[in-house]
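These notes are about the structure you will find just below.
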Amino acid sequence: MNFASDTSAPAHHKVLEAVLAANQGYAPSYGADPWTAKACTALCDLFETELAVTFVNSGTAANALALSILCPPDGATICHENAHINRDERGAPEFYTHGGKLLLLPGAHDKISATNLEPLLGAINRSFVHETPADVLSLSQLGEAGAAYDVTEIVCLCDLAHAAGLHTHMDGARLANALVSTKATPADMTWRAGIDVLSFGFTKNGAMGAEAVILFGKMAKRLDTLEARRKRGGHMPPKQRFVAAQVLAMLQDGLWLELATHANTQASALADGFSHAGAKLQHPVQGNEVFVCLRGGQAAALRKAGAQFYDWPDGSARFVTNWNTQKSDIHAAIAALG
Amino acid sequence: MNFASDTSAPAHHKVLEAVLAANQGYAPSYGADPWTAKACTALCDLFETELAVTFVNSGTAANALALSILCPPDGATICHENAHINRDERGAPEFYTHGGKLLLLPGAHDKISATNLEPLLGAINRSFVHETPADVLSLSQLGEAGAAYDVTEIVCLCDLAHAAGLHTHMDGARLANALVSTKATPADMTWRAGIDVLSFGFTKNGAMGAEAVILFGKMAKRLDTLEARRKRGGHMPPKQRFVAAQVLAMLQDGLWLELATHANTQASALADGFSHAGAKLQHPVQGNEVFVCLRGGQAAALRKAGAQFYDWPDGSARFVTNWNTQKSDIHAAIAALG
Amino acid sequence: MNFASDTSAPAHHKVLEAVLAANQGYAPSYGADPWTAKACTALCDLFETELAVTFVNSGTAANALALSILCPPDGATICHENAHINRDERGAPEFYTHGGKLLLLPGAHDKISATNLEPLLGAINRSFVHETPADVLSLSQLGEAGAAYDVTEIVCLCDLAHAAGLHTHMDGARLANALVSTKATPADMTWRAGIDVLSFGFTKNGAMGAEAVILFGKMAKRLDTLEARRKRGGHMPPKQRFVAAQVLAMLQDGLWLELATHANTQASALADGFSHAGAKLQHPVQGNEVFVCLRGGQAAALRKAGAQFYDWPDGSARFVTNWNTQKSDIHAAIAALG
Amino acid sequence: MNFASDTSAPAHHKVLEAVLAANQGYAPSYGADPWTAKACTALCDLFETELAVTFVNSGTAANALALSILCPPDGATICHENAHINRDERGAPEFYTHGGKLLLLPGAHDKISATNLEPLLGAINRSFVHETPADVLSLSQLGEAGAAYDVTEIVCLCDLAHAAGLHTHMDGARLANALVSTKATPADMTWRAGIDVLSFGFTKNGAMGAEAVILFGKMAKRLDTLEARRKRGGHMPPKQRFVAAQVLAMLQDGLWLELATHANTQASALADGFSHAGAKLQHPVQGNEVFVCLRGGQAAALRKAGAQFYDWPDGSARFVTNWNTQKSDIHAAIAALG
């Protein structure tokens, strides 16, 4: 019963088979290999558009590199106060932007609302040199509380940001889960909704370690700078074929959505079970994460039964499902709740 | 006949088997997994000492992170003018040290000599605030021209550096090849010789993508800072077991030395063949790299025969062998030289 | 009637006379001059302790350099959300700390309270590598709303910070005004209260452009690093005598406190006048700043009468007095309020 | 007999009188004052063109800020190996460019020659992501050995740089001395010769502490970024009128050229005297610096007679004259040489 994190799960066997298959003979290093080229094409197909893309090993690297080409050192990125880029990346955005600020917004279920965003955008005065203006809006999909932005919300927030002269970034570490949950297409949820740069995560969804940074539309022109920053950050793996092969395996026949669907289904089942047992859900379940308010001895009972999960700073308990979560795990957890 | 780079070679099948074997069930993320713990222990055994270690995916990351805990932003690192950290990492050391300088030394066969180092150390004036003093000496093993430092040379250079108040770093991207060539033990060539921090590379030697940053002696106390910088740099992979498993596979039963021995043997055979054919070697062959001065149509003849290699800035041609180089490749190359 | 800012005021004539007097003959450059040495001695006398000090031209430089030796790149500084270092220095702290974070606290009258500080300190987990821990507490004297911390408050906040392993910094851009207002001694309000590093401002108080960064107690050992950072930041003026001479003039015969007393007295008179006229004060007046809630046409009337002041983001109007504010200005402003 | 440095000299009395005159009443802070506006106009007149300009207190700040808008973090600046930006600014360029590299060229008399520059430019491969390409050429006027580039040389070097896609910077800490020596106009030696950004120094020439960063032509569009970086660097003085007033005083009636002419004349007289006494000049005297090879007890004799000067790393002795150097000093030094 491991609900600690989707990063604790193994990789899907098809991913490893693809890595094995890629281990044949010589291949140009540093991204000039055919697997990388194929993964680029596959992403163009998936997103129904031309795009530029590069690959890295970790979500933190993807986010920080994405921000490094959007936010100047004397600029700022707006994000939710609980965003992963603010709370869980040890200042990686500040490092890669050379000191760019994060401007933090509150918001229910760790989502930014237009109501909170508008006054911050309205207060920007680019001619006032003393104050750091915002240059980027970063949205997390899923957010840290497991909630998903739907396409309408993203359109609204991106429109506001663009009108104020900002670029937009999506931390899509769990994009697959959000897409499954909201029944949106990758194109509709990203560039068609106004997202300029996307961190597209595969690791939590079932890869060993593979993330893409995708530049949509005019942003594609910044690929050279992104590649220079990637090299400079130590994120250009010599044998890049092994990263690209993972992405290809995930995209092949929709494996990535299949795995996310499974994880989401298990989360919903867990949430339903918890609800029926009378436990209150802290946040809407719109992906593979369940935040539940446990009473009295419930946490202890669950842990005694072998369940692993995190106590969350908001007072709830966080349960994360993954592509490998078994129905029996769900049943056992619900039973342990009593 | 791919002699372009050892990074173009595939990974050894035992490395992939180990990765597959590590893909069982859940494991704590971000380095708290048992593979990481075992790899630490294996490295302690190998180096015959207590040490602190962390793992990353690329050699550039290993070097830059190592320097980040040795060289302050207002300090400098001495290295050879052709060192990988100066010529081939797009400023990663400057990025990770927040602007620390590289002080460049010339030297035959891309090696630093005591003769060149001493005047630079002698000129350091730490009380003169205007000039950037050196804080680190970084040696590359192999150097960029394929030459190895022997233990005596390392002892001499490290003694000079320590006496002048510097710390020492070794970029061991091809440490295995240097050890095989000089018949030294890992301990004798590193900490016993005065190396404080080691970038220990496995990727060029046969892994998919795995490098260790090793802190010897008192440097081990800097592990917390190194881990913070690693996270901040985006180099703490969520599913770190897949990196540690590669290291374990390489160390198991001396596979890493076996592979380096093979690569070195092929390089020697290639060098001998070239010499017999009358071609002049530009640098001593002390690892898996051969730099040869080609005449007239020799380069064209080799390429026509299918050989891949690089024209080097010093006018020679670089041939790199690897764990997977076939004897038939060597024979074909020598035959093509005519 | 210029109440826009104390930075709009001229310098006191004694400061300029001291600069003129310092312009005699040759003097060693970059801080080795006798004026700098005398200013150090004068500050030791003033603070009744040994200390290390350096001088710069702007308050932003003083703050950013102070933080650069207290907060590592992977660390954070706690400050009030409206602190000058967060709102008005265009990211200078992030620049000089190479990406260190600012952790923002709310608090009435732009002051940090123990109530708000304690939970933040309590949540620090230095062994959790993903989250940025706090390394510094920075207090502003005066705060952005013109309120002063009294010695008891500073002692309490510094004790909490030190107990949690933080260092403490005071942005004393208007330290003189706070000292006059609270009737504390420089020593009691700073190092005896637990302040480790002080930015001591003279510019707003009557100098042309002179600020000191003072390292108390064990912090004095960091002077070499501070000097290296100062040089590297371009803040080591070749003819430093002209900066030191300003500091000496301000300290001579207590001129600095005399000027602050004058400014505070004018602010009190202005506040009293506004209150008698029925206007509500937004914040306590504990220095040379008055924040008043203006009604209906009052702001327009004041401006029509020639008064310069700022509309503040909290809805009030800010009036800043200075060493040169005339009683007639105060009377005219009160009269204009009606 | 102080020949240590022109930074040891006092400021000219007209500069101080201008500062005194500027100390009248209130003035908008942070550069919105009329002195700053007038100084901008005066510089446009002087350089016979539209330009954008900002002012700082030190030459290191001017250079580092200039480079910060020309050289990206993943780029490089070409300069002479003995350039002030490389040897004497404690890494300020690396700090302000966030880790941009300095690519060092040798060259007689500390000047870059086309012969040395061309191969470096020719080797730039902007599509090779591993190596840092050059983005800026920085020339020092005077160079560190006291030699001046003439207009023809600057045109040639700037043409080469521009053709290779670089921008050009001039460190004009002693621009006045070079102009006097070469009889060129400010416009001819800078923007008409191809200089994009100029650090224009007044401090060594007779100001207290005032330097301008001037953006010519299309570079003027980068003023907003420059101002943001200036604020962020702590180099936007609250009472900026006192800096601008110095610049105005220096430009008034050609004072700056008059002072440089005096300094140069003294240097020439010193050099002539040394030559007649049989001492060999190490470098051509083309400004206010004399580098002479002293024999036997000459250095001791000079110092015994009260002369202050520096032993230079190239084995010569450096004598710097300034606006305040007296003929009697020259005579005494020559006499002491014997």
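Think of it as A, B, C and D in the order they're written, each chain with its own count starting at 1.
The working rule: a residue touches a chain if its C-beta (ideal position, glycine included) is under 8 Å from a C-beta of that chain, and two chains touch if they have at least 3 such contacts.
Treat the numbers as computed from the prediction; the structure is a model and nothing was measured.
S.K.: Starting at chain A, find the fewest moves between touching chains needed to arrive at chain D.
M.R.: 1
S.K.: By that same contact rule, can you tell me which chains touch chain C and chain D alike?
M.R.: Of all the chains present, those in contact with both chain C and chain D are A, B.
S.K.: Taking CA centroids for every chain, report which one is farthest away from chain C.
M.R.: It is B.
S.K.: Where are there more C-beta contacts: A-C or A-B?
M.R.: Greater number of contacting C-beta pairs: A-B.
S.K.: Report, in whole Å, the distance between the mean C-alpha point of chain B and the mean C-alpha point of chain C.
M.R.: 50
S.K.: Return the distance between the CA-based centres of chain A and chain C, expressed in whole Å.
M.R.: 42
S.K.: Could you please state the distance in Å, as a whole number, between where the Cα atoms of chain A are centred and where those of chain B are centred?
M.R.: About 34 Å separates the centre of chain A from that of chain B.
S.K.: Hunt down the residues of chain D that sit against at least two other chains at once, touch-wise.
M.R.: Residue numbers touching two or more other chains: 30, 73-74, 89-91, 95, 98, 129-130, 228, 231-232, 236.
S.K.: Make each chain a node and each touching pair an edge, then name the shape: line, ring, star, complete, other.
M.R.: Contact map by chain: complete.
S.K.: Residue numbers of chain C touching chain B in their complex, please.
M.R.: Per the stated touch rule, the residues are 30, 72-74, 98, 129-130, 225, 227-229, 231-232, 236.
S.K.: Mind listing the chain B positions that touch chain A in their complex?
M.R.: My answer: residues 2, 4-5, 7-11, 13, 16, 19-20, 23-30, 56-62, 64-65, 89-92, 95-96, 203-204, 208-209, 228, 231-239, 242.
S.K.: So in the complex, which bits of chain A are touching chain C?
M.R.: 73-74, 76, 87-91, 94-95, 97-102, 104, 123, 129-132, 313
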